[in-house]
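Presented sequentially are two complexes of chain A, the first with chain B as partner and the second with chain C.
And then the complex of A and B:
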C-alpha cells in the first residue's frame, strides 16, 4: 500500500515530465512512415527480389545480367539514351544560346521558356501519337518508311522532349556568361573562335556535361513514349521490365523484372551523382 | 522521370544584358543566327503539334474536316477493347485533386515542424524528398506491385494510385514549398502566434500557410500536371487513367480520330495549367 502510494506520487511528476519531453522528431513520423512504405519498401523489394529465389538468398539471379538477350536491352537503352541525349544537348545548347543572346525581358524569351516547360513535360503517349500523325504510316507531312525502325524512328520523338529539357537546365549557365569576358577577349585581340575555345567553352563545359548526364538519365527511364510507339517488340530495359511483370502473355517473370530494375537503379544513381557533382563544379564560376 | 525536373523551374532571368557596343557586323550575324535558329526549332516543335490538331479534326475522307473526333470523347467506347474515355478522364481528375491534397497534408506541416523544432533532420528530409528523382517510375512500379496486390484485397478503385503518385510528386512539391518557406520568417510568425495563444493547427493553417500560398499553389499545379501525364505506374499496375485509356484506344483502332482529339485536349489543359504556373512563379519573384 505504502509502496504503491509512493510509486504513484513519485510517478506523477515523471509522467508529466515525459509528456513535455516527447522528442520533437516524432512530428515527422507520419511523413517517414509514408515514405517508408511507398518509397523505401518498394526499393528494398526490388533489391531483395533480385538477389533471392525460391530456395533463398543467392546471387544467381544477377547472372541474368550476363545473358546476351538481357544485355541487348541494356545496349538498346543506352544507345537510345546516349544518342537522344547527345543530339538533344547539342541542339538544346544552340537554342539556349539563341535565347540568352536576346532581350532578357523580351517576349521571345518568355515564350520559349514557357514552351520549353510544357514540351519537356509533353512526353508520354500523346507525343508518340503526334509523331505518328506527322511522319507515321499515314503521316500528315511525310510517310517515313523508317518510322518503326529502332533507334532512328524513336530518336526524333525522344529528341523532341530532350531539347526543351536541355534549354531549361542549360540556360542559367549561358546566362551566367558575362559580356565583359567577351569584351576582354576581344580587347586582347581574340576572335570569336578564341573566345569559345579558351573562355566560353571551358566555363560552360561542366554545366554542359552535367546537363548531358541529366538528359541521359531522362532518356534511360522514359517508358510511356516508347511503349506507345511500339508495343510488340522490346528494345529497351523499361519495355522488357513491362513484359516481365505483366502476365498478359503468360511470360511473367518477377525476378527478371527485379534484376532489370536493379540495373536501372544502379545506372541512374551513378549518373545522377555525377550530375550533382558537376552542378557544384559549374556553380563555381557562373553565379 | 527527369523530364518533369525542369517543370516550373523556369530559370530566373539573370544578368545577360543585351550586348551593347558590339561590332555592327557581329550583331548582324548574331541576329541572323537567332532568326534561323528560332525558325528551324519552331518548325520542329510546332509541326507535330499541328499534325496532331489536324488529325483531331479529320473527317471520313482524307483532307476533309469534321468535329466528330471531338464528339467521340464523350461517346461510348468505339469497340469492346477500348476503354471508356470519359470515366478515365474523371478518375484522372479525381486522382489529381487527391494527390495534391495528400502531398500538401504530408509535406507542409512536416516542413514547418522541421524548420521550427528539428533542424538537424532537415538534410535527411531533403534527401528523402528528392530520392524519387533517382528512382525511375518504371523501377518503382516493380517494387510497388506486391504492395498494390495487398491494397487490392481491400479496395479495387483506380483512385488507390494516389499512394504512388504522392511519391512521384514529392520532389517537385518539396522544391516549390521549400522556396516559399525559405522566403518567410517561420520562427517569428509562429512565436508571435503562439504567444497570442494559438495552437499548432492554427499556426499552420491560419498563419504560415496564407503567407506561402503561392508556393502551395505552385506545388499543387506541379503535382496535378504530373498526375495528368502519368502512364507508367497506372499501366503496369493495370489501372486505367487518362493516358492508359488513350493508349488502349489507339491500340484497339489504329488512327482513330478520338485519340488525337483526346491528346490535343489533354495537352491544351496541361498547357493552360503551366501558363498559370509561370504567372504564379513570376509574381512570386517580383513580389
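And then the complex of A and C:
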C-alpha cells in the first residue's frame, strides 16, 4: 500500500491540501487526552470518592479534615515541604548565581547543569538507601543518632533533590540579569547592596518565589523517598493515604484516602495557581 | 527431560486425586455436559460439581490461576506454587506478592469481571469476615478436619495456617535472649523492628499486642504494648523500618517481632538467626483462604483450595508445615499420621497457653493504635 501511494505523484497536491484543512486544535488532542486521563479523571474520581460512601452522598467524610490526628499529617507534610523548599531554594539560588557568573560555555556550567538534571530526578528508594548506607544506623561513614527523627532525618534527603531542581528552574532567571544593568547602577554611584536591593532583587523576586512554590509542591508530593526512609509511622499525607488504602487490620478506609487526596489536590492547586501568576510576572523580564 | 518429568507428575497427580475423589464418585453427576464448565462457578464442593476428576479436568482446561499477595518466602508459598504448577500443569499468575490483605480485597473489587482478577485470597480475619459477601462458599474434601471455630459455617472463608508471635535475633551478636525487657538494653541501639506499620499490617499489630501480653496487658488491652515500644524508642532501640530478609542481612533490624514462620533462619537467610516465643505470652494468629465469587478461573480456584487442604505428603498442609507454619488441620493430621513429623519437630518450642485475639479484640487494639501509635514512637 505504502509503495503504491508514493508512486502516485499526481495525488500529492490533493493530499497536501487536505492536510491544511485539519483544524489547528487537532494537534492538541493527544495532549488534552493525556491530561484528561492522567490528571482530570483521577482528580474527578478523588472528589467523587471523598463525598460518597457505599450508600450515597456523604459529605460528613470531609469532617475528617478537622480531626486532630488527620491534621497532624498535613502539618507534617507542610513542615517537611516548607523546610526542604526553603533550604533547597536558598542553596540552589546561590549555586545558580555561581554558575551564571561563570563562563557561559565553560565545562563547569555544562557539568553542573547536566548533574542537576540527573540529581533533581534522583529520589525514592535509591536516594533513601544512599543516605541510610552513609549516615544511617549502620552507616558506612557515620551513624547519625538523629537519622530517624522527623523532620531532621528526612530533611537532608529531600534537600538533596530540591537543590538541583532549584538550579534548573532558577538559572534562566539569573541568566536574564544583564551585566549592563549592574554597570549602570555602578556608574550612577550605587554599591553592591544598592544593586541587589533596587535592581537584582526585585527582578529575581518573582522567579525566586515561583521556584520556591514549585519546590514546595515537589516536597509535598514525594512519597517513595519518605516511605523508603521509614515506614512504621505515617508523618505525611501521602504516607497516611497508603495506610488508608491498604491497611489489613480493619482500618482501611478508601473514603479517608480520597479525602486526604482531596486536601492535597486543593493545596497543590493553590500553590500552582500562585506559581503560574508569578511565572507570568517573571516572564516579563526574561523576554 | 522436563516434559517427561511433568507427565510423570500428571500420572502421580491423577492417581492421588482418584484416591481422594473416591468419596466424590458416589455423588450425583447432575451437571450436564454442555453446562459442565459453568458448574464450577458456583459449586460448593468438589462433590457437588461432579467429583474430583471433573474438577481437575475443568481446572486444567482453564489452564491458569490468579493468586495475589503471596510472597515466595512466606510460609513456603514459593514452593507451594511451584508444586501446584507441576502437579496440574496450571500456570499460576502471582500478582503484587508484597501486598496486604486489604490490597487483595481492593483487587477483587477493582478488577471484578476482568481476566486479571484474583481467583483466590489469603487474608487476615479482620479482612475475611467483613468481606465475606465477596467470596464463594466452598468446602474442601477435608472440611471436617478444620476445627469448627476456625471456619465460616457456610464455607465462605476458612483458616489455613498460622503461627505464634516470636522474636527473632542475631545470636552471634546478642547471645541468647529470653525476655522482652532485655531488648531495652544499650546494645540493642536501632535494631528492634516490626514487620510493618501496626496501623496497617496485621503482623506488626500482633507484634505490639504480644509486647502488651509481656507487659501486663491482655488481648483486650494493647496499651502496655504501645508503652513498651515508647520505651524502646526512648532508649533509641526502635528501628522504624519494615523488617525484611534484606534489612536483617544489612544489620538494620537485628531483632525482629514477627510470626514464627517468617522469623526462621532459613527465611531470613542467616545461620546465626535464633527465634523465641516469650514464655507465657503466646499470641497466635491464623490467616484464611477464600475464593473470589466472580473468579475468572473458578475450577482452578477450587482445585487450588483442594490442593492447599490436601493432607498428602506433597499437599498444601504439609508444605505449609515445611515452611514453619502450623497448618489448620495439624491436630487431625497428627492423629491420623499423615503429618510430616520431621517438619513438625522443627517448630519453635512454645510454653504457655496460646491466646487468639477475636475480631472485636483486634479492632479494639487497632482503634487504640490509630490514636496513639504515632505519638508513642515519633
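Basically, the second predicted complex is superposed on the first by the 241 of 287 C-alpha atoms of A that agree within 3 Å, B and C clash if a C-alpha of one lies under 4 Å from a C-alpha of the other, contacts with A are read in each partner's own complex, and residues count from 1 in each chain.
The rule we apply is simple: a residue touches a chain if its C-beta (ideal position, glycine included) is under 8 Å from a C-beta of that chain, and two chains touch if they have at least 3 such contacts.
Note that the structure is predicted; figures quoted are calculated from it, not measured.
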{"item": "Side-by-side fit of chain B and chain C on chain A, or clash", "value": "clash"}
{"item": "Partner chain in contact with A:69 - chain B first, chain C second, else both or neither", "value": "second"}
{"item": "Touching partner for A:206 - first (chain B), second (chain C), both, neither", "value": "neither"}
{"item": "Which superposed partner A:257 touches (first chain B, second chain C, both, neither)", "value": "first"}
{"item": "Which superposed partner A:138 touches (first chain B, second chain C, both, neither)", "value": "both"}
{"item": "Touched partner set for A:231, first chain B, second chain C, both or neither", "value": "both"}
{"item": "Which of chain B and chain C A:42 touches, first, second, both or neither", "value": "first"}
{"item": "Touching partner for A:88 - first (chain B), second (chain C), both, neither", "value": "neither"}
{"item": "More chain A residues in contact - chain B or chain C", "value": "B"}
{"item": "Contacts on chain A seen with chain B and repeated with chain C across the two complexes", "value": "138, 231, 242, 245-246, 254"}
{"item": "Chain C contact footprint on chain A (complex, rising order)", "value": "69, 72, 132, 136-138, 143, 145, 148, 150, 230-235, 242-243, 245-252, 254"}
{"item": "Partner chain B, residues of chain A touching it in the complex", "value": "24-25, 27-28, 30-32, 34-35, 37-39, 41-46, 49, 91, 94-95, 98, 100-105, 108-109, 112-127, 129-131, 133-134, 138-141, 160-161, 163-165, 168-169, 171-172, 174-179, 182-183, 192, 214-215, 217-218, 220-224, 227-228, 231, 237-238, 241-242, 245-246, 254, 257-258, 261, 264-265, 268-269, 272"}
{"item": "Chain A contact footprint on chain B (complex, rising order)", "value": "1-21, 26, 30, 33-34, 37-38, 41, 44-45, 47-52, 54-55, 106-107, 109-110, 113-114, 117-118, 121, 125, 128, 131-147, 163-164, 166-167, 170, 225, 229, 231-232, 235-236, 238, 243, 246-247, 250-251, 255, 259-260, 263, 266-267, 270-271, 274-275, 277-278"}
{"item": "Sites on chain C touched by chain A in the complex", "value": "99-103, 106, 123-124, 126-127, 130, 189-191, 193-194, 196-202, 204-205, 236, 239-242, 250-252, 359, 362-363, 366-367, 370-371, 373-374, 377-378"}
